[in-house]
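Which chain is which? They are A, B, C, D, E and F, in the order written, and residues in each are numbered from 1.
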Amino acid sequence: MKGVCFLVTVALMALASSLASASDPSPMQDTCVAIDEPKDAGLDKSGNTSNPVASNVTTVNVEQIKGLNTLGISMVRIDYEPYGENPPHTHPRATEILTVLEGTLYVGFVTSNPENRLISKVLYKGDVFVFPIGLIHFQFNVGKTNAVAIAGLSSQNPGVITIENAVFGSDPSINADVLTRAFQLDKNVVNYLQSRF
Amino acid sequence: MKGVCFLVTVALMALASSLASASDPSPMQDTCVAIDEPKDAGLDKSGNTSNPVASNVTTVNVEQIKGLNTLGISMVRIDYEPYGENPPHTHPRATEILTVLEGTLYVGFVTSNPENRLISKVLYKGDVFVFPIGLIHFQFNVGKTNAVAIAGLSSQNPGVITIENAVFGSDPSINADVLTRAFQLDKNVVNYLQSRF
Amino acid sequence: MKGVCFLVTVALMALASSLASASDPSPMQDTCVAIDEPKDAGLDKSGNTSNPVASNVTTVNVEQIKGLNTLGISMVRIDYEPYGENPPHTHPRATEILTVLEGTLYVGFVTSNPENRLISKVLYKGDVFVFPIGLIHFQFNVGKTNAVAIAGLSSQNPGVITIENAVFGSDPSINADVLTRAFQLDKNVVNYLQSRF
Amino acid sequence: MKGVCFLVTVALMALASSLASASDPSPMQDTCVAIDEPKDAGLDKSGNTSNPVASNVTTVNVEQIKGLNTLGISMVRIDYEPYGENPPHTHPRATEILTVLEGTLYVGFVTSNPENRLISKVLYKGDVFVFPIGLIHFQFNVGKTNAVAIAGLSSQNPGVITIENAVFGSDPSINADVLTRAFQLDKNVVNYLQSRF
Amino acid sequence: MKGVCFLVTVALMALASSLASASDPSPMQDTCVAIDEPKDAGLDKSGNTSNPVASNVTTVNVEQIKGLNTLGISMVRIDYEPYGENPPHTHPRATEILTVLEGTLYVGFVTSNPENRLISKVLYKGDVFVFPIGLIHFQFNVGKTNAVAIAGLSSQNPGVITIENAVFGSDPSINADVLTRAFQLDKNVVNYLQSRF
Amino acid sequence: MKGVCFLVTVALMALASSLASASDPSPMQDTCVAIDEPKDAGLDKSGNTSNPVASNVTTVNVEQIKGLNTLGISMVRIDYEPYGENPPHTHPRATEILTVLEGTLYVGFVTSNPENRLISKVLYKGDVFVFPIGLIHFQFNVGKTNAVAIAGLSSQNPGVITIENAVFGSDPSINADVLTRAFQLDKNVVNYLQSRF
């Protein structure tokens, strides 16, 4: 009978919000919640890719497995239809290491100002790539068949900021003047982009 | 005569690249490079705002003051013309606390998936606001006069990822198909956006 | 409605005690308490300097803005009358970066044993200086007009140990024999110093 | 042309020794060595299991991919013949999250004194399990076919201490009297066990 | 009247379980529980060494002194009869520094794979030795008199994994097939070893 | 033959300066310098107490034992003549846990502003006390015989700031006006205090 422990509050909170941690603090105990019953996580099953980006991320983080609490790691499976993509996003609290199980992926990330250098590569089955913490990155299925990847992330809850959602689809919307000037776009284009969400 | 010390390599590297650290490791010594000669940093002077976003960030980080090395903090002054903005960006390695010295700023940040909640506010002279590590945020001068802000950041080199630069202006460019699908835009619009950089 | 989250206990405790953290642990979520209502912090207003040291520190830390919780940064404004000073003190949990908004300050810090080297400088408007974590430091207004400074600190609650208060003004008092021997003073001088608080 | 950066020394050292880090310090820059050329890591290929434990670990850590330097994560593929096992071991610097790609594994770890509780489970394809940092754990193929697992580890170089190698196979050997008393064994048994390495 | 504070939950939990932390997170306040009443810890008294290994560890960690909470350090006294030993074990969350008060100890630790190098030494009164975090180590009294050592550990609750207990004495037992193959032993020997606990 | 490793630079620097670290970063390898030759540290021998405070601290940190490098812990022995004291000081980078081997000590520390609460106690042989990181603390021998203590500190190089040395004995001296106002003393007293060093 455990009662309370360090970070158990995080587990509770996980029910209501999106967590993440770049370099999670060290644990203060062996384990923090009962981990007798690890999940039948189903990472063997393809996720539902019937969506505009034709991809799906199946997540195993502290929200799915409470036993991950305080342990600073999580895992995902990503499925891609042909030409499907995991669109540009960042993890504010984790670096990601990814290996391709099936298919061919064009992947990349962009370094910070002022270089904004794109580091990209085409990955084949068995290849491994790393996306550093906080940087914008993406994967795109450039093969003619479905693709599948497994990735480890260095946080029990890495957080995801999908760029187009955060910029054009926030709730409430960012004032269109801000985006118009930032992207040097016609205001009608910004309004159109915001109306999509 | 110090010779070498923990993280001195970071200082060297700073000459060639953009650094940052969300929660910098603790220092291992009082100071790491000679700090007898702190910079006449000139944070009393307005930066040059003659640019498309009509704003300027004057930075005091480990690249400007070597004595900041290993100490986990830096400072900036931001100037804004009327309707000028510090466009949507993230700091992969720092939280930012900002106070308004002059003018009126509409500021905000967006939380991560799936909420993408916009937390925004109009700040007047003397107000303070905080932008959490890794989240997309902006400031926009909604007053009729110039605005000035001072901000502290929790890293000796926080890093800056300006969204429009990283997504549409990387070097080399991200394949237009990736952006077309991600933003659900006509490919001509994407090509146009990429041509601006 | 958040409920609980990592470190919320710190916010509660903040009501009753002085907190601080040199290199705060990384956050485990985007934000930890509602931050819809950032403070009208009033950093544009001079603090009350009618006191023996003729200076005043206006603090914006996790006690003033709950949204700073888990984010590892805070800010202060310091006002000084002519010849006013922020007397020798340490922050057990933060490095400080300071810029002068108005006036002229003689500032410095002392490194640890056995060197006890004083690093000092006269700062003018716009200059920047850094006080490393845990070291004794001070600012002294050597100009003929009031001075104002803004500083960022690398903790949500840096803690302040003012040397003369901690040594001669603790509650209860340190046994006078301890101080007499440490400072090699006449016991009457120690008793006199302790009687001031 | 990067030159030097934080922790590059670790990469150099990796050529000569076994590294690992439970909760690696946060990075101080986007990336630390050129990562234009991620490895054709070959995680799609089965490792050589012709050895006494009939299993093989293919590692992708900072020794294989220099670009992992400072990023705090690594990945392995583990192959098991029927009744093959990854014998009891610890990672002094990482928690491990594992998913089964093929086959059926009996896995477990033991908590610290005084409970020494065994947490074990039979995992099928797609299941996920976590081994907390520093605890003794193992996987055993209880199926009639080969098994394959992929695991993420929360360090760029987690370190491996295989119990039987460290205790009975160290170089030079631990004095047999120490082991005889510790394991309450006949000294001949200890000598026999040590002679196997 | 404190109420709650960062990590107070750990103190509560300490009543029921074995904690430890390799590099404990930094504290967020001066102290976290009342520390007006430090323990008469009795480190001057010899522990009871009437047990199979003829040694005893008297621990002063966060379970004994609540004031250690969040402070990242603890202390032990170890007593050894002649030929008594502190058998091979690891601390998953702490490095240990040890000094000999009385007697003569043969001490050592083994580095991780693939070297498994034994670093050992005979220590006399006043000597100091360090056991790095997570590595298997031991002390053995090779003198003809009782020995006494004092050690500091870099965690408020370092955790102890005694190898023979964790491997052969877990509750429930590890399947004997796993140990038989790992140690390349006859199954009867494994069954015998397991029956001892 | 190791070559280079993480933090080896710290070891080099240790020859020239005073280091310390409150919560040292986690190590990235088992050990960082050859540790085949631990020091005959001589903690069994009394230090030389012929000095104004009639006490002596014998230190075993990374300057004495290179093998402590990156391991985040150190140890000291303190000797006190009757009425000798370890005068008020802080460790900017470590918490300290102390046990009394011989004699009777009046010990204490003062919490930070605004409470400045003195937590003190008389310790007898075998008692244990903890001094939290960054707080001013002292030990005073109130017995009629010599006293001896052993302490562990949570850093490979904790740093020491002796208050009277740092404030009145820095090199060069702090401007006397600063100290006069801070301590509300006659300037002659300040000049006298400064002349002692």
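Here is the rule we use: a contact is a pair of C-beta atoms (placed from the backbone, for glycine too) under 8 Å apart; a residue touches a chain by one contact, two chains touch by 3 or more.
Since this is a predicted model, take the numbers as computed values, not measurements.
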Problem set entry | Graph separation of chain B and chain C (steps between touching chains) | 1
Problem set entry | Equivalent interface to B-C, taken from C-F, E-F or A-B so that over half of the residue contact pairs match | E-F
Exercise. So which chain is the furthest away from chain E, centre to centre on CA atoms?
Worked result: B
Problem set entry | Interchain centroid distance [CA atoms averaged], chain A/chain F, Å | 46
Exercise. Just how far, in Å, is the C-alpha centre of chain E from the one of chain C?
Worked result: 39
Seminar exercise, completed: The distance between the C-alpha centres of chain D and chain E, rounded to whole Å, is 23
Exercise. Where in chain A do residues touch two or more other chains at once?
Worked result: 9, 17-18, 20, 22-27, 30, 92-93, 111-112, 133, 135, 159
For this session: Going by the contact rule at the top, pick out the chain C residues touching chain F in the complex.
Result: 17-18, 20, 22-23, 52-54, 83, 85, 87-88, 90, 92-93, 106, 108, 110-118, 120, 133-136, 138, 140, 159-175, 177-179, 181-185, 189, 193, 196
Seminar exercise, completed: Per the touch rule, the chain E residues reaching chain F in their complex are 22-27, 30-31, 35-36, 38-45, 60, 65, 67-68, 71-75, 77, 94-97, 99-101, 111-112, 119, 121, 123-130, 132-133, 135, 150-154
